[in-house]
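Mind looking over this structure? Questions follow.
Here the chain labels run A, B, C, D, E and F in written order, and each chain numbers its own residues starting at 1.
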């Protein structure tokens, strides 16, 4: 019945993201992980690399799929008949920004699109893709933060 | 498949609560509204009155039911095989407290119970049961905040 | 033209309150200090004592007067043709609560009543009436926090 | 007597800005809308375009004028004998930053310049110029967020 | 050289408190755990019971001692030549309140008393004495949250 | 015994930074001020200029030294056997970010590195290096915010 989308940059995907994906997959019939392919932000990984690492990471959860999208999230959702956005909440600063986006999405979609928030698991509350990128750039071991194949891809990227 | 519970005091139910109930009823197969019958807080309405006003208010949504519970929410949920809690988020102060409760519920339930948050609709963001009670106690019209039958019950309570 | 009301418990008035009163008196033609005479909160000072200490404290500002009120602030304001509420903001937790009250006041008054916020002066940002009461109850000198005549009234209250 | 300035980038002006302008025009004798002409931020609209769209939007409020300024706001205010800054508050993150600016402005001006905050109206609380720009860049209808003539200027800018 | 005090109600002590005590004992020469014996708050455990459970819990850390105090913390500190307060920070709401207390303590002590904050460890971030009391009152196992001897004392208190 | 590091950009050092340095020098045996020499952020002052201005500013505190570092702070700390990070907290937004960094530093260092927070003194709570840079760039007097020799270096930088 209800399909949910979990949008993000996933540059790279972390155990925090995977925790949200796993938990939402038990609540909704289908969960679509949506990678924003916006190149304006100069991501470390190409959108194809990010799609590959995510598909490998969620391959054991049957009702989760991975897509990439361009432009407005709500345009993609309308075109694919998805009505629920899933977001992870980590901090107070997140919260304010997320609230604003959630409200404007409801407004622009005339209340057809809604957002649900999951709280980030305690053990990943401090995690973010940018912290992982910074640690990896200095050769710090990041296997506590990301799946093994992602850690390897980071190693290759930074040649260390 | 997935049943969600929306717990609260509902003393009285407001349009803000009803907005969360309506929206979650489109996401989950079944939504149970759970009234905490704890009398320690000296509620204005008895648990029976609150159950009556809620049942009347949700009578047109087929997959929503109303129950009352005593004791720990997660004990009720385990006994009735419910795994998702729905909460509305209004403010930063809410957020901190709600986060703490959500995390401890996950811990105590060994990750079998999860919480999803919906943002309160913009037009009800300022609403709370206590503000409604205060306005009603001074005879201010509250039909912008609560259903008509609840406004009448408030009028009767305060004899005005 | 524009009259503003500065409501509060003032139990007792502090240099933080007086700073807000002084600053708003330069912005508005007339500032009314409104003491909530609600006894439910078991104030330390009676409403008469609080009125006396405030009148003494603002006696040198010509366009400031002190009143007491019962019931809803907006009912008092409508009856006396006042349309602006002044509030001091100290902290993030204040902010959320104040925002909620300000929004519901606008709603209930059909947009005829508005609220402006001043930020508490840096040197009084940590001050609150309850901290002053606690210090005074242990005989700590509070003349850095309140006018001399208020410090004396606290001394008398606590017999120290 | 008291003149207030409402500074901002207004890139473009939204219904949220206009709500603050309208409300402050009833509180102060004169309200000056001050457009920061700083080009370092690569605005979408030139300062002239922004002045035009604002003047059209406030043409029906007699005591509101529009100016542009360069450099420090408080230097402009001292030169033009303005002592009050008006700001709209939307979110907790805003609040912290705004508080910091307000305090340092008071310090640098030796307490001659003060800031008052209005809470953003509920129906515009989610609105920001950057969200409007993003929607408009994808051809989404933005007439719920900005005046018609601004929506047209956005359409022209993005050729859609 | 530097002695620090870690004040609180400890009703009961949790693993979160013990984590802060252990970490601060590596930073300061001596850490004094100060139990506020204020009975106004109707604690579950008497001040003697709380002292007993704490002493048992910290018996293996040589430079930590446990005391009880009445009245103002800073009066106790001055009398015992202690100049640093240690506090654990859990949440945004804590933060505001703690900041206010820390600033007023500096002011009243003429800058002779300072406060340092440690962040609560991730695994105990959701923990509070009141949540532990609530769980224990319903017979929920709390050995994940408090030392065994404290869990037993809770069991005895609630007869379950 | 315990050495603490106070890391930052110090571009330029302000009275707020110096207040934190002075206070932590009374708590720890040795305080190392660590200047991040990362040039990615396009600092106004070179790392050498920042080291010079800091050394001059702390020359009267015997147990404080100034160093510069590249790369991860925790790598520097491990190499030099430092286990405590000192940070000043100013605002709610700081707090969230700082908390995240503190938690990930503990994780990556296997709990060997801890962070303590001091609250910024009230009189410097509004201060930041970026505000000082902005004021100085317009020729505003900044001797209330930074030591005289730093004000002079800012004057030279901006040729005013």
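Following the convention adopted for this analysis, a residue touches a chain if its C-beta (ideal position, glycine included) is under 8 Å from a C-beta of that chain, and two chains touch if they have at least 3 such contacts.
Just so you know, these numbers come straight off a predicted model, no measurement behind them.
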Inset, instruction - Starting at chain A, find the fewest moves between touching chains needed to arrive at chain E. - result: 1
Legend entry - Fitting chain B to chain E on CA atoms, where both chains share a sequence, rotation angle to nearest 5 degrees: 120
Inset, instruction - Mind checking chain B against chain C and telling me if their interface is mostly the same residue numbers on each side, over half, or mostly different? - result: different
Legend entry - Reference interface A-E: repeating pair among C-F, D-F or B-E with over half of contacts shared: C-F
Inset, instruction - Could you quickly compare E-F and C-F and let me know which has more C-beta contacts? - result: E-F
Inset, instruction - Measure off the straight-line distance from the CA centroid of chain D to the CA centroid of chain E, and report it in whole Å. - result: 47
Inset, instruction - Round to the nearest whole Å and give the separation of the Cα centres of chain B and chain D. - result: 38
Inset, instruction - Measure off the straight-line distance from the CA centroid of chain C to the CA centroid of chain D, and report it in whole Å. - result: 30
Legend entry - Where chain F touches two or more other chains, by residue: 92-93, 95-96, 99, 103, 107, 122, 125-126
Inset, instruction - For this structure, give each pair of chains that are touching. - result: A-B, A-D, A-E, A-F, B-C, B-D, B-E, C-D, C-E, C-F, D-F, E-F
Inset, instruction - Spell out the residues on chain D that touch chain A in their complex, using ranges where they run on. - result: 90-93, 125-128, 131, 134-135, 138, 140, 144
Inset, instruction - Could you pull out which chain C residues touch chain F in their complex? - result: 92, 122-123, 125-126
Legend entry - Residues of chain A touching chain B in the complex: 1-2, 23, 26-29, 83-84, 89, 92, 95-96, 99, 102-103, 106-107, 114-119, 121-122
Legend entry - Residues of chain F defined as touching chain A within the complex: 71-72, 75, 92-93, 95-97, 99-101, 103-104, 107-108
